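Take a look at the following structure, please.
The letters A, B, C, D and E name the chains in turn, as written, and every chain counts its residues from 1.
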Amino acid sequence: MRARRPLIFEAMMLINCVAYQNGEKLADIQPHEIHNYIVKPDCFVWVALFEPDHATLQLMQAEFDLHPLAVEDASHGHQRPKIEEYGVSLFAVLHMIERTEGELRSGEVAIFVGRNYILSVRTRAEKGFAEVRTRCENEPELLKRGSGYVLYALMDAVVDRYFPILHELETELERIEEQIFANTSPRANIEALYALKQRLMVCRHAVAPLLEGLGNVTGARVPIICAGMQEYFRDISDHLMRLNQTIESVRDTISTAISVNLSMINLQESENMKRLAAYAALIAVPTLIAGIYGMNFDHMPELRWRFGYAVAMGVMAIVDLYLFYRFRKAKWL
Amino acid sequence: MRARRPLIFEAMMLINCVAYQNGEKLADIQPHEIHNYIVKPDCFVWVALFEPDHATLQLMQAEFDLHPLAVEDASHGHQRPKIEEYGVSLFAVLHMIERTEGELRSGEVAIFVGRNYILSVRTRAEKGFAEVRTRCENEPELLKRGSGYVLYALMDAVVDRYFPILHELETELERIEEQIFANTSPRANIEALYALKQRLMVCRHAVAPLLEGLGNVTGARVPIICAGMQEYFRDISDHLMRLNQTIESVRDTISTAISVNLSMINLQESENMKRLAAYAALIAVPTLIAGIYGMNFDHMPELRWRFGYAVAMGVMAIVDLYLFYRFRKAKWL
Amino acid sequence: MRARRPLIFEAMMLINCVAYQNGEKLADIQPHEIHNYIVKPDCFVWVALFEPDHATLQLMQAEFDLHPLAVEDASHGHQRPKIEEYGVSLFAVLHMIERTEGELRSGEVAIFVGRNYILSVRTRAEKGFAEVRTRCENEPELLKRGSGYVLYALMDAVVDRYFPILHELETELERIEEQIFANTSPRANIEALYALKQRLMVCRHAVAPLLEGLGNVTGARVPIICAGMQEYFRDISDHLMRLNQTIESVRDTISTAISVNLSMINLQESENMKRLAAYAALIAVPTLIAGIYGMNFDHMPELRWRFGYAVAMGVMAIVDLYLFYRFRKAKWL
Amino acid sequence: MRARRPLIFEAMMLINCVAYQNGEKLADIQPHEIHNYIVKPDCFVWVALFEPDHATLQLMQAEFDLHPLAVEDASHGHQRPKIEEYGVSLFAVLHMIERTEGELRSGEVAIFVGRNYILSVRTRAEKGFAEVRTRCENEPELLKRGSGYVLYALMDAVVDRYFPILHELETELERIEEQIFANTSPRANIEALYALKQRLMVCRHAVAPLLEGLGNVTGARVPIICAGMQEYFRDISDHLMRLNQTIESVRDTISTAISVNLSMINLQESENMKRLAAYAALIAVPTLIAGIYGMNFDHMPELRWRFGYAVAMGVMAIVDLYLFYRFRKAKWL
Amino acid sequence: MRARRPLIFEAMMLINCVAYQNGEKLADIQPHEIHNYIVKPDCFVWVALFEPDHATLQLMQAEFDLHPLAVEDASHGHQRPKIEEYGVSLFAVLHMIERTEGELRSGEVAIFVGRNYILSVRTRAEKGFAEVRTRCENEPELLKRGSGYVLYALMDAVVDRYFPILHELETELERIEEQIFANTSPRANIEALYALKQRLMVCRHAVAPLLEGLGNVTGARVPIICAGMQEYFRDISDHLMRLNQTIESVRDTISTAISVNLSMINLQESENMKRLAAYAALIAVPTLIAGIYGMNFDHMPELRWRFGYAVAMGVMAIVDLYLFYRFRKAKWL
């Protein structure tokens, strides 16, 4: 899809570019006008890009004076989630997890935040942040706080999207647990647990480093952009801790489930063996009796009996019934 | 039950609303009178809610000037246990674990504490805090310390309720341990250990984060509400550490028990196999002898013997008795 | 035993109550005289209680002005080991591990220490501290340092008693290890390892939290009672670290031993199976030969041979000898 | 190869020795001229050695006044990755991982950095740093920052080379995972997982200690040589954290894969046993019927029937067909 | 050996007692002369003891004014490695690991260091420090730094002796790994891995606590004796970290190897079972055919055939050849 991106897609590279003042939308502006707006007091520009090409990123770097290392990270992609300070500006990378055909796909959003701008660069992720923008524009008294609040709103939106993903993994785990104890398909269970663990790791790689990185924003020395908003970022941190706890818990349960499944396999084998052994006995004992009366001794009185054959068959049946009764009682059959 | 909550339940949303002054109860008051009391010196209001609706929470937020993020947490529920500062006020969330039909159900209590108020919001938990209120009112010299002391009393009550829950899990573990070594029902043991671990995790999620959160109240910089009461909160911390140690210990033992159970399954299988093999031998050897005398050679002198048949049967019996004796001695039978 | 405690035992509640001045014993005193002595300069009172009743503890609380939370801990029992500061006084809880019929029983000693008093409350532990008192009285130049030195002497005595207990566990582990590789009784080994781990945990719960708690006494800010004695408490800390290392090491070895034992069970089963299979072959092959000559074809020349029977038996023997030789060589028999 | 190093190789010991001023190359110089250049303002000398002999290292030590312990480390080789300060100069050791015939080989580069010099000593590693030098010379405005920037450039190059190595290990792991669930060659899988873990450890030993060591350069107190370049070193740190996360993740997955493989082996065995048992039953039942009609009773009416034989064979076939159908249905066949 | 120590051994208790001034050897002196030398400026005394008796230690305590707790530690032995400060003097304990008949034996050296003395007390270790003394005396410019340098030299020598020990364990591990995959002797492998782990733990107990203890000497506040020598002690620390990393790595590999070995045992069993089953089939099928033609039906046309017997035998052979071919193809044989 990326190889031959149609023209309409190119146009979608720039999702939005809006200037705000005192929490109110000023105007939709063109990228080359940005420098006119970011000098105004209490004004900031919010730009949203989707998989931009090199030239667009270059333009943004020039307009906002972004640090080359941060721009390089954003264009390379495949970064760990993080929040870094470059002087007074911040650079954040978050993973965006989306579900496509059972698989979890990990995209990214890189966010550059300065006193008077916020730029989000989304890559390999379908769902954008239109509803975040709408929510922000509906709460001008909060949007008035500036780019720091938009950073919070974006991060909050990304983190909130992790919950349903993780909840689905928990549901899947419960489904597998039931199957393990129902003992229906141990092979499918192992594969499902293994796949579940892989998907869990995708979540973990999104959550754990971000939680760590958030320490810089909620800790003792807070970046100036986030000043007065620690409680908001602590709230995100709290959500991440909750996610993290769930992840660790699911992870621990998967390990236990794998070893429980192994126990169940061994147990099943053990029970099968007992059943087999019981049936083997039910066949082997009559075979022995038949063998005895197949011997060619001249003097075997039973062979001459009128009902010798019937008696022999009867003995076989009685012995087998008795064995069957015993095996049943011992729960081998 | 929550879906069609009868009217009488609605009335139960507000459990209590009482004003205290200098450790003595002033009066049962109405929610809308709160602002009249919280301005009085040495006076605080203690409100207890049970699964309040949105309007009630809104009213409380207005009366006590609660932080919107904290109120949102309390109304959403499903929070991690935590103790957070919002300016000079505190917001605590604790899990309340109750037993319903063998299952552990995790409810919550959210507590808002300010200099002159304390508000508890209980959700998904049957048992309230009536006895805490009684105990506090019987100790006016302690209640005089204000809302911080009530916070301590509530937390102490919640934490004390963890002990019997955990003790039961320990008892359950001991029961399973006996069964493992009695080797009666490995399948039931695995399921019981797995279920026990799940229940233990419910306790762990209640205890561990709270212990962490308490560090803020007992550490170097103590919130003003808890000033002079560090020893009390340290006592709770100490209880939580004890609980935590027990949880870790039980958890560790469960892991060991699972792998011991696996060993026992393998061992049982191994012993069964030996017993089966012994019985197989007891049948196979006479079968071979019978087969030999079933051969149709013209010249097999034994076949002509008068007691050939009896001798053959005797040999079978003797060989089997000998084998039986050997297997017994080797503890295979 | 506790249920119907004879009268003589009641009298044993107060083990000792002695006043010391400048490291020399002043007098055996009565509990109600304590307040006369603790006001004297360079004088301190050393009281030893054994499972005191409520009244006695109340009296002590009054005489020494003990903190109610600490007294509550001492009377409840079942505390984690800890060292806590209550203002200028210290409250320590230590576990006392004793061996009764192979089991480890964990008792407690709670120690209250102030500038001019030291009170030890021993519970569920047979062995007292008479020899500590004797040793202290024989070293007046050390006893002169006051109640802090007695605290050290008591703690040192308790910690020193852990060493033989732990040494026994190590010896037991070595015994089990030998059995594992001798492969005699895998079932007994598992049970022994499991029981050993349980006993090890008793030691661990005595050692690890105390080591942690000692950090407060040997760290940067030392309580006034222990001033100038850090090297002594660091010595205890060092002993505890040694114990802790041994415990962790034994614990790790137990885990390994459990999984090694599982390997040995599987290996044993595997070897048994090979032996069984070999024996099965030794029976099955002659059975097949016998079956062939039991066929009723009209034209089977061998059946007519003079030595057909002997030849058939010889072939069976030769085939079995050959198989036996092959199985021996392959170490299956 | 090292034993009889040809002359041409000796000449390769000194890869390069260049003086730079204000980010521009001054001249290729001889080692003995170094002291003439390092006294010039804004000038530094960049020397690259490959497996130097003792005399060459001695010369460098004299020219740059290197610390004897650091020189000893560089000449001994086999150091952990590290970054150490010796006064105002830095000494760094990095592992260089190269692939030779499937194996990972760990070489080293030791880097001495002072205000006016940088010396790299490469050992047991094929690939040099020619392209780093080229890149630096093409960016004079960055090279102007001095030896600290060259240190960054060298470290960045080494760390960047870890990514493809690790990516290959991830690909290998995915290949093994497929094989595990395809269940084709469990023995090869175990060996491959074990070998993969060994190779992963080589990467881990390169990455983890370096990440730790980098803390000194990016932390609170930054060495003077790296002043103003924290963002660059933090970028390396970030790359290392990403590598580290991947390593831990692969490591965790390998553990899971080993235990999953064990489960698959047991499962396969269990399924084989069921198939075998089914076939055994298909043979044993007709054998029993044949045995019965091989009995020599005088009165066995069936034996006299015209179609007795055919009926017997038919019964055998019908019983086997029925059993086959049952086993198929139970998925044993 | 210790029980009846011959006279010559007693004389060996005092290995050496030498006074140094400004890095030059002054004289071999007698223990009772020590106090004459330690008062001289820039002079220090270096005493080396081997398993001293109580009197000798008492003498040293008096001459050097050693702390009683440190002397007690040195005479008791069996200490954890540590570095402790007693006022301005240091007390260090190091483990000395020696190989005797495949076993690792852990001896000790206790080192007392003051401004003007250094005393080493070696216990349960054959190899002394003669070569350390020689090396020090050959480097007077370093020895001039005083007792702190001797401490470094002794510690460096002890730590350097760990490397070959650990290297041998690594070689042993590689040997076992080969055997695991060659699958020759699983029982011997388990025992070897278990023994290897025990020996590794001996190394770990020598290395890990010492590394921890060294933090005091290389950290922020350096003892006066080691002042100006942090780089030397950091070098030891670096060696210990390298050892520690190797130990952790070997330990991790042993765990993996144990579980891999278990997999190999199961795999081997599984393969054996398949082979057995194949052979069982090769016998069971002809047995069934023989059984059929052993039936006594009057009308079995084949029995009358001229070549009925030969045909029956041929059918048996053909069926077995076909089965053999199938089993071969499926790699069961």
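We adopt the following convention: a residue touches a chain if its C-beta (ideal position, glycine included) is under 8 Å from a C-beta of that chain, and two chains touch if they have at least 3 such contacts.
A quick note: this is a predicted structure, and the numbers were derived from the prediction, not measured.
*Asks:* In the touch network of chains, how many steps separate subunit A from subunit D on the shortest route?
*Replies:* Minimal hop count between subunit A and subunit D: 1.
*Asks:* Rounded to the nearest 5 degrees, what angle rotates subunit B onto subunit C on CA?
*Replies:* Value: 70 degrees, nearest 5.
*Asks:* Where the centres are mean C-alpha positions, what is the separation of subunit A from subunit B, in Å?
*Replies:* About 26 Å, centre to centre.
*Asks:* Centroid of subunit B to centroid of subunit D, CA atoms only: how many Å?
*Replies:* Those two chain centres are 42 Å apart.
*Asks:* Note the residues in subunit D that touch 2 or more other chains, in rising order.
*Replies:* 259, 262, 266, 269, 273, 280, 284, 287, 291, 294-296, 300
*Asks:* Going by the defined touches, start at subunit A, step to subunit D, and keep going round the ring. Which chains appear, in sequence?
*Replies:* Cycle of chains, anchored at subunit A and oriented toward subunit D: A, D, E, C, B.
*Asks:* Which subunit A residues qualify as touching subunit D in the complex?
*Replies:* For subunit A paired with subunit D, touching residues are 67, 69, 79-80, 82, 84, 86, 186-187, 190-191, 193-194, 197-198, 201, 205, 209, 255, 258-259, 261-262, 265-266, 268-269, 272-273, 276, 279-280, 283-284, 286-287, 290-291, 293-296, 300, 302-309, 312-313.
*Asks:* List the residues on subunit A that touch subunit B in their complex, please.
*Replies:* Checking each residue of subunit A against subunit B gives 177, 181, 231-232, 234-235, 238, 241-242, 245, 249, 252-253, 256-257, 259-260, 262-264, 266-267, 269-270, 273-274, 277, 280-281, 284-285, 287-288, 291-292, 294-300.
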